[in-house]
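Two complexes are shown next, each including chain A; its partner changes from chain B in the first to chain C in the second.
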Partner chain A sequence: MSGDTALQEKRRDAMKVLSHVPAAEIETRMAALPVPPHQDLRAPESGLVMVRGRIGGDGAPFNLGEATVSRAAVRLQGGQVGFGYVLGRDGGKARLIALCDALLQSSDHAQAIEKEVVAPLRARMQQERDRSAAEAAATRVDFYTMVRGEG
Partner chain B sequence: MTAMTVELQPGFADKVLSAQSTFRMVMEAMARPGHVMPVDDGGGRPPSMMAGVAAIALTLLDQDTPLWLDAAFARAPDVGTWLKFHTGAPVVTRPDLAGFALVAASETLPDLTSFALGTPEYPDRSTTLILQVPSLSTGPTFHLRGPGIDGVTSLAATIEPRDLFARLSINEALFPRGIDVILADDQSLVAIPRTTRLSPAGA
Partner chain C sequence: MYVAVKGGERAIENAHRLLAHERRGDRSVPELSLAQISEQLGLAVDRVMSEGSLYDRELAALAIKQARGDLIEAIFLVRAFRATLPRFGATEPVDTGEMRVQRRVSSTFKDIPGGQVLGPTFDYTHRLLDPALAEAGDPEAPALASTSDAPMPRVTDILGQDGLIERSPDADPDVPVGDLTRDPLSYPAGRDLRLQNLARGDEGFLLALGYSTQRGYGRNHPFAGEIRFGEVEVEFFAEEIGFAVPLGSLALTECQMVNQFKGSASEPPCFTRGYGLAFGQSERKTMSMALVDRALRARELGEDLIAPAQDEEFVMSHSDNVQATGFVEHLKLPHYVDFQSELGLLRKLRQEFADANAVPVLKEAAE
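Entry: the complex of A and B
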């Protein structure tokens, strides 16, 4: 079972990256890789999901509002099924992500996808985040409070 | 690497258009009982399910329609997963809770009174039976009459169970409650709503 959880963890990590980067970037990186025959199990479609929220750590959950999501499912010839869910109406991106997810489960392609697609995009995303964090950090103001003396 | 245990099949190739045309066909079939309507085989389905049944399932089922599967469909490993993936319909084990019942093999068709028959106030809350039959183009001829039929219509079909129309005679006493049936084979479907009766041969 540990193999299963490791794979799931890997897929989850990949999704964290892929859902946040622009579709065009995934597409250009995927174009360089050999993609085995596959078919759409669920053609890209858009719908709504209810987003729930809480206020405070112990607040009761409430319905915040609905968000548009697109989803797709792709099956490789080997039987691996990949799923893609993205916020927004970009069905093509959902399909692309689903294909990546399926390829990650196939032993022949997992390495290549991880190395050529996910890893560089993860590095870029991290870079982007560091940059914006640095920008925000530059404007940080520290307030010091005098420590009240004992006694 | 884990391999998927069940080969999941796709549904309609064009979800919206196929569902719309199938819905139209089912509606037309219900309006003209005994009339054979073509269904488009627009996509994938589990191997044990005929195209007509698959098209009806993809069109009519959703998360609000409790679904009952007969033993043959329930045994098939791919059918449950496929229906769950594409329709999201909850599968129930009690036939009297089901909005739709999919029946693959006639020998596992339970007594029709075990399905939901509707109530006098809400006769529409009955189970619609979707029955997979060998052929709707060849076989013994059945003469049908009732609303939607001008006089008598004949239907040549191989229907299992053979005594289906005898079993459906419970509809006469139950009206307005009753069971609606859709027969489906690989290319076509025929509706036998609760008002349709078997006419004595040649009448």
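Entry: the complex of A and C
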């Protein structure tokens, strides 16, 4: 994997985690870190994306319906530009994600962002997913048990 | 006649004030919060998102509150709001095969990889009103069980491995994905446009049409191959970033209907399919959608066109409840001038009728 691809995957992974957790939790964790001077390259704004599905689940795409999305872009003093895109109308959250994205591209900050922000929030997201999966798993039908019970 | 509307300004203002008062109801009863609607009337929110064609739980909850629980009015509000926002583009197509499944059932195979997962469902409830719910109280916490990482392939993928079911149509890179919010509909419409239309179509209308196919008006022998509900990741390719950006997850319901077979001189017989996909947990909607999607393929599959559900123009031009309610409900707006002209015409016709009938009477009297 080239350096660029590795960085891109890291950024995508951070975006995935941050888009799934409440903005307040990102903000709290960011507040505990030193954040270098930065400016808004694109002020937070809300809009729509057309969500696409596929015919039959795996065929040609079709337009399912729209979703609200917010986006923002931030530039660090060092020149790194970060982007934030997230479902919903919380422009502040898009800005936080953009700031994290910019910091991940800065060698001075990438490690701290990953360790103090992304990693704990990834664990939180995973915990929620595990709980949800465990709840669903408890409703899985076990036909064999039913047969034994009745026989 | 706008003059009459102008004269009603004060009446309209006071009517809206009264509406707001009625919406609030008895002020000694605590007011509903959007979180309460979103959390406790979740399926109403899902329906408003689906048919409002806008995924945003909070906005849908607000619309339901403002519409006093009238879901079609709420859908109307959401559609109007949607028109105020810019569109950044289209997402990458979602992969329902990677869904984090909350519910997944198949009526065609008992033992499917990943199993039958009932999830939160009204099925198997006795449909008896529960007096205990009249009082506040927390239900038991959900049961937990250990999970497995076993994949949950779509049932249609399993059938597809043996060639027993037709393949989904491949994308044609030269043809843009149809979008009925951008271009006016023309017929015949591609399946992409039909599915977009059905996805935002009225649940009751699609339910009735789907039901009509089962009762013999365009029968297509359906089995619910699979219904799944859960969270799906959605990504958006942003030009300025240069890669597909994860946006978060959407709750979606998918229905794969497996229908009677079709073969030809060159192709061995195989099952055909109908498809349903909608925002939120919208099972009745996606099942109806899949039945109607399949019915609308009648021409493509060489079937006789004999029933309303197979008539693309009929289905697609009447499925949208915002359009339908607009045209039906506009009848109550002032039509004073139209009506005056009708009234004038009717009076004239009655006079002519009276004159025509009066003549023999007079004659008789004269004799």
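Please note the rule applied: the second predicted complex is superposed on the first by the 140 of 151 C-alpha atoms of A that agree within 3 Å, B and C clash if a C-alpha of one lies under 4 Å from a C-alpha of the other, contacts with A are read in each partner's own complex, and residues count from 1 in each chain.
Convention: contacts are C-beta pairs under 8 Å (C-beta built on N, C-alpha and C of every residue); 3 or more make two chains touch, one makes a residue touch a chain.
None of the values given here were measured: they were computed from a predicted structure.
Asker: Judging by the criteria at the top, classify the pair chain B and chain C on chain A as clash or fit.
Answerer: Once chain A is superposed (C-alpha atoms), there is room for both chain B and chain C without a clash.
Asker: Contacts for A:Ala24 in the overlay, against chain B (first) and chain C (second): which applies, first, second, both or neither?
Answerer: A:Ala24 contacts neither chain B nor chain C.
Asker: If we overlay the two complexes on their shared chain A, which of chain B and chain C does A:Leu7 touch? Say first, second, both or neither.
Answerer: first
Asker: State whether A:Phe143 touches chain B only (first), chain C only (second), both chains, or neither.
Answerer: second
Asker: In the three-chain superposition, say which chain, chain B or chain C, touches more residues of chain A.
Answerer: C
Asker: Let me test your reading of the model: by the given contact rule, A:Asp40 touches which partner, first (chain B), second (chain C), both or neither?
Answerer: first
Asker: Tell me which partner A:Ala119 touches in the superposition: chain B (first), chain C (second), both or neither.
Answerer: Neither partner.
Asker: What's the minimum Cα gap, in whole angstrom, linking chain B and chain C in the superposed view?
Answerer: Comparing every C-alpha of chain B with every C-alpha of chain C, the smallest gap is 6 Å.
Asker: Identify the residues of chain A that lie in both the chain B contact region and the chain C contact region.
Answerer: Of chain A, residues 45, 73 contact chain B in one complex and chain C in the other.
Asker: Give every residue of chain B touching chain A within the complex, in rising order.
Answerer: That would be residues 1-4, 7-11, 13-15, 85-86 of chain B.
Asker: Show me the residue ranges of chain A that touch chain C in the complex, using the header's touch definition.
Answerer: Within the complex, chain A contacts chain C at residues 8, 11-12, 15-16, 19-20, 45-69, 71, 73, 83, 85-89, 129-141, 143.
Asker: Going by the contact rule set out above, which residues of chain A touch chain B in the complex?
Answerer: Per the touch definition, chain A meets chain B at residues 3-4, 7, 39-43, 45, 73, 75, 78-81, 105-107, 110.
Asker: If you look only at chain C, which of its residues touch chain A in the complex?
Answerer: Per the touch definition, chain C meets chain A at residues 49-50, 53-56, 58-59, 82, 85-97, 100-103, 110-111, 115-119, 142-148, 154, 156-157, 167-172, 177-181, 191-193, 195-196, 199-200, 230, 233-234, 236, 238, 240-241, 243-250, 252, 254, 256, 273, 275, 277-279.
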